[in-house]
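One structure coming up, written as structure tokens, with questions to follow.
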Amino acid sequence: MTITREKLGELYLKMAQTRRFEETAARLFTEGKVHGTAHFCIGEEATGVGVCSALAKEDLIAQTHRGHNQAIGKGMSLDLMMAEFLGKEAGYCHGRGGCMHIADSSSGSLGANGIVGGGIPIAVGAAFALRYRKVDAVTVCFFGDGATNEGAFHEALNLASVWKLPILFVCVNNYYAMSTHIGSHMNIEDISIRAKAYGIRGEAMDGNDVAAIYEATLEAKEYVKREGPMLLVLNTYRIMGHSKSDPQNYRSKEEVEGWKKRDPILLFRKQLAEAHGFSPAELDALDEAASADVARAVEFAEASPEPRVEDALRDVYAV
Amino acid sequence: MREITYAEAIREALSEEMRSDDSIVFIGEDIGIYGGAFGVSKGMLAEFGPERVRDTPISETAIVGCGVGAAMAGLRPVVEIMFSDFLAVAMDQVVNQAAKARFQFGGQFTVPLVIRAPSGSGTGAAEQHSQSLEAWFVHTPGIKVVTPSTPADAKGLLKTAIRDANPVLFLEQKLLYRVKGEVPEGDYSIPFGQAAVRREGKDVAVVSYGRMVGRCLEAAALVAAEGIETEVIDLRTLAPLDRDSIVRAAKKCGRVLVVHEACQTGGVGGEIVATIVDSEAFFYLDAPVRRCCGQDTPIPYNRNLEDSVVPQTAGIAEALRGLCGRKS
Amino acid sequence: MREITYAEAIREALSEEMRSDDSIVFIGEDIGIYGGAFGVSKGMLAEFGPERVRDTPISETAIVGCGVGAAMAGLRPVVEIMFSDFLAVAMDQVVNQAAKARFQFGGQFTVPLVIRAPSGSGTGAAEQHSQSLEAWFVHTPGIKVVTPSTPADAKGLLKTAIRDANPVLFLEQKLLYRVKGEVPEGDYSIPFGQAAVRREGKDVAVVSYGRMVGRCLEAAALVAAEGIETEVIDLRTLAPLDRDSIVRAAKKCGRVLVVHEACQTGGVGGEIVATIVDSEAFFYLDAPVRRCCGQDTPIPYNRNLEDSVVPQTAGIAEALRGLCGRKS
Amino acid sequence: MTITREKLGELYLKMAQTRRFEETAARLFTEGKVHGTAHFCIGEEATGVGVCSALAKEDLIAQTHRGHNQAIGKGMSLDLMMAEFLGKEAGYCHGRGGCMHIADSSSGSLGANGIVGGGIPIAVGAAFALRYRKVDAVTVCFFGDGATNEGAFHEALNLASVWKLPILFVCVNNYYAMSTHIGSHMNIEDISIRAKAYGIRGEAMDGNDVAAIYEATLEAKEYVKREGPMLLVLNTYRIMGHSKSDPQNYRSKEEVEGWKKRDPILLFRKQLAEAHGFSPAELDALDEAASADVARAVEFAEASPEPRVEDALRDVYAV
């Protein structure tokens, strides 16, 4: 399969947007403009962007707490994401959820979940609903390495397998659950082995190679529609701390520096230049576009009104 | 009118709704060929087939979670948890997911999910199969809680639950499954948040729900012979709670007894008392509002012990007499 | 006396107990080198080593279950659940296992397990990281529930919790972690079931616990300027509940306001109201017993919304004025 | 390894006691003497008896709801079991638990659990406590095929593996979870494959061969002390219904009859006679002993007093 030049550019742009979005969000924190927390995926952009760029609008995703790349990959609006991050009425969840609960029913995101593993059974239910309704679409469910130790992961994968649902389980393995290295939270080296417990296909691959992830997802989509669930493990690395308050005393600077050399955006930039004839000017233009998009999002978000206190109880129940 | 059992009434409501709405699917452990642990879904697999009546592995978190996701993606799932005690196994999906999904996503999704679960003691099933856990969910905004006390209510309230756009916890009363009552044929529904007056009286009001309503009526009959006229209020749904009916009955009678099977401390009874005391009914009270509820203990296996820790008719009658200043 | 933070007081209590009792082990997610999500256990891994300070996978059911089993087999485990909201993920182990093991096995086992969990809103952590869930556990016989409001109480009550032969849910107040207060050095403990009178008054009594106690004291100070003398009762433990102190304060003042952060409907407030109304204090009441509690909603992310749904000092003061018949 | 003649007799006797205990319990039900339910292990006697007979007193077990064989295997008293079944004060749990919660701290049973999978994390905690306290003993945790689909199973096995605890997980695979055949509740044929998800050893074997189970357990004990957790799957069959109210409309008579031919007691009787020189008279004497033991247990239980209602709240809390 060959990816079109346009798609390559899209992948790069989305990764750059994600990076810039999070760098900007981090700055807004420092400026005291945010009440809450956030989890950044810097270093992991290729995962969500690669997977979600291979999806159609009707395909559904269930996101994680570390999912700006997933949202941007699926085509969500930077403006509404930033507004949500700042708790504004114009945000995706009208400031009710914050970035731990970003969702977009119109672009097929079932939402990010604050409960590790909590979204996995929900994704299975959505996959069932799509099949039941005879919608020709897949559901993609994201979660981290740490989440695979939750009971919810186990029950959900088993149920999806027994029901042979069209669902792609994507494990973003960044080798850490907060401070806990994978070597201390599970006793296997390759998470994709867990697929065997459910009799489903499991694959692991480089999580920093966005083009390869994109292609693997296209293939996996066809597979899960035909054969039922698959577990795809993307091995990557979280460059930033777990959340803004992380002391990062659990890993060495060398380890982090080593992974920085495998920064997925740098890798892809090189690949685009060397193998696909993208000029430095073209790539710089994409970077600048990303920056401009994020700057506009901040402007939009900052100009948006706060939710009204009178509306605080709206949406507790549907009426 | 024809009489059918509480279990049959539930099956009838669910079956009628499934016939008229394709988006309803029914999911749970051993609900298919087995017909459910209490036989509620007997025959439904044959009628609706395995795509709509879906047996699952023993995975309560996945069952409820699957219901949440299916509801968010356009279906109206009804899931069965075999005993309400096992809601604890799926608690995150019930309270952190189902009840919050709409709110935390700013109203983008609706979650028309019904969770059916048998509740209560009396079958010798001991500590982990006998609880009455409604209070946890009444304290969870975003979910509704239903506790039908008659076959007719079970049918009408289940229909309302299925048609509701919100998650509804439908707590079936285990000991009522085989109890028969008049149930209208065909379609009807009973609105949420409307208590029923099961007996009129003026001396003392009993506020109750679920299987205890029957015992309250028995007790009311006992004390009627002694000249005490008891009004019996059946709340029917606990969330929404019909506070108006509670307050009205308290004002009318001036004496109130709250009865539930669940442990007294931290139970729904406290909310009922607070509702009365924080209303104009306070000024009409002739006596302290009293509770006659389950003791603060897990439910023991032995039948005598089991009976001794939940309200019995005699105890309720005694409490009514006490409230009215009569000695027995 | 020296001042330390609430978080430091907890660490001190746990460390002192671990020094004097080898059977105490400490288990949870990221409690080791990371020091816990709120820094409570900073430095403890270095002092006690990885056999006693045990990081776990993200597996709340296994964490609590492991604590139950270790307690049944002779240890005194203290487990940390990173946010009390995640108790829902481990709910079966807390309520069906820890709380029932002793009773259902006829007293053959004791379960000296402490579950520590940070509770409450105010950090912009939104719906799934901000709940106040104490009511679920107050309604669960077999487990005790503790909600310290000061650093000194946190230390003394945690020691009592660790030494107790029963499961104890120790709900730490997230927003108090960095608050300093006077804390005695060395060993002392505070008994369960004894409320503290934080301020004496005669016009109106406020009954509260946890982080709301501070706001009640602020409100009491505000209305004192207007001539209202408020008695502030800090329950400290919710199970056991110091009903005597509640009744005493109600009799003394004749007017009672109950304040908690948890959603009002189905909250512990109802139990407090019922306790008053079903006691001789009923006859001393000069006004309805009122509640000023969290609204019935999940906690929203936006700071203004978040503040608007939990009691604030001004709102509590206003409720006090209302109870005393004053207009502001 | 060769099993002593004495041990062989013990295995036979315990299986016979279990069978007779349950047949008698079923009769007591029919006579209306029992308030509650019970789950019988008829056809599965070899599992609990084989495993538990290989354990020492200090070794701990966590039982299932279908665990009369486990209890009798571990040396629990028929009298106190029967008294508990009848809800009497003299029962193991003083009539508070019934047979779904039979436990015996003195013979090392942490109790049966009414929550499917609920006992698995508890067993892991007990195994940790034993190791921490430097007790040279193992913990054995029983559960069914259906229980391996609960999140608790997954979390517990993973934790035990990461902590390398001396625990033997025994899955009693009787091919059904209530009415649900294993083929509809998981998508793998051999449950022991699930061990791979935790990087631990997994083995499956005939669950109707008591002597082989006994020997495998002796070996497994040494293994788990040395190497950490192991999953042992015993393939057997539930001859009776799930509980007393089971319509048994989910399986064919032929299937049940087929397994009856592999009745573990009959098989063992044959083996004892043919390979170990047990005479028919000897075997009959063991059968009679079993019957007499159970008859005595019924007498004991029926003569025991009911718990006193005044004591209803005893043991809600330890004082």
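Labels A, B, C and D are assigned to the chains in the order they are written; within every chain, residues are numbered from 1.
Keep in mind that, in the parts below, a residue touches a chain if its C-beta (ideal position, glycine included) is under 8 Å from a C-beta of that chain, and two chains touch if they have at least 3 such contacts.
Since the model is a prediction, treat every value here as computed from it, not as a measurement.
Engineer: Of all chains present, which has the mean Cα position farthest from that of subunit B?
Structural biologist: A
Engineer: When the centre of a chain is set as the mean of its C-alpha atoms, what distance in Å lies between subunit A and subunit C?
Structural biologist: 36
Engineer: Take the average of all CA coordinates in subunit A, do the same for subunit D, and state the distance between these two points in whole angstrom.
Structural biologist: From the centre of subunit A to the centre of subunit D is 45 Å.
Engineer: Could you work out how far the Cα centre of subunit B sits from that of subunit C, in whole Å?
Structural biologist: 30
Engineer: Counting only residues that touch at least 2 other chains, which ones in subunit B make the list?
Structural biologist: 56-57, 59-61, 85-86, 89, 92, 96, 103-104, 126-128, 141-142, 296-298, 300-301
Engineer: Could you check subunit D for residues that touch two or more other chains and list them?
Structural biologist: As it turns out, subunit D has residues touching two or more other chains at 93, 95-97, 101, 113-115, 118, 149-152, 155, 158, 162, 184-186, 316.
Engineer: Quick one: do these chains touch in a line, a ring, a star, all-to-all (complete), or other?
Structural biologist: complete
Engineer: Applying the document's contact rule, which stretches of subunit A touch subunit D when the two form their complex?
Structural biologist: Within the complex, subunit A contacts subunit D at residues 149-155, 158, 161-162, 184-188, 193-194, 196-200.
Engineer: Hey, which residues of subunit A end up touching subunit B in the complex?
Structural biologist: Residues in contact with subunit B: 60, 62, 91-97, 101, 103-105, 110-111, 113-115, 118, 120-130, 132-133, 151-152, 155-156, 158-159, 162-163, 314-319.
Engineer: Under the definition above, what is the set of subunit B residues touching subunit A in their complex?
Structural biologist: Counting only subunit B, the residues touching subunit A are 23, 25, 51, 54, 56-57, 59-75, 77, 92-93, 96-97, 101-111, 141-142, 144, 165-166.
Engineer: Help me check something: in the complex, which residues belonging to subunit C touch subunit B?
Structural biologist: Residue list for subunit C touching subunit B: 85-86, 88-89, 91-92, 94-96, 99-100, 103-104, 126-128, 135-136, 138-142, 239, 241, 262-263, 265-274, 277-279, 282, 285, 288-291, 296-298, 300-301.
Engineer: In the complex of these two chains, what residues of subunit B are touching subunit D?
Structural biologist: By the definition above, subunit B touches subunit D via 29-30, 32-35, 37, 55-61, 85-86, 89, 123-129, 295-298, 300-306, 308-309.
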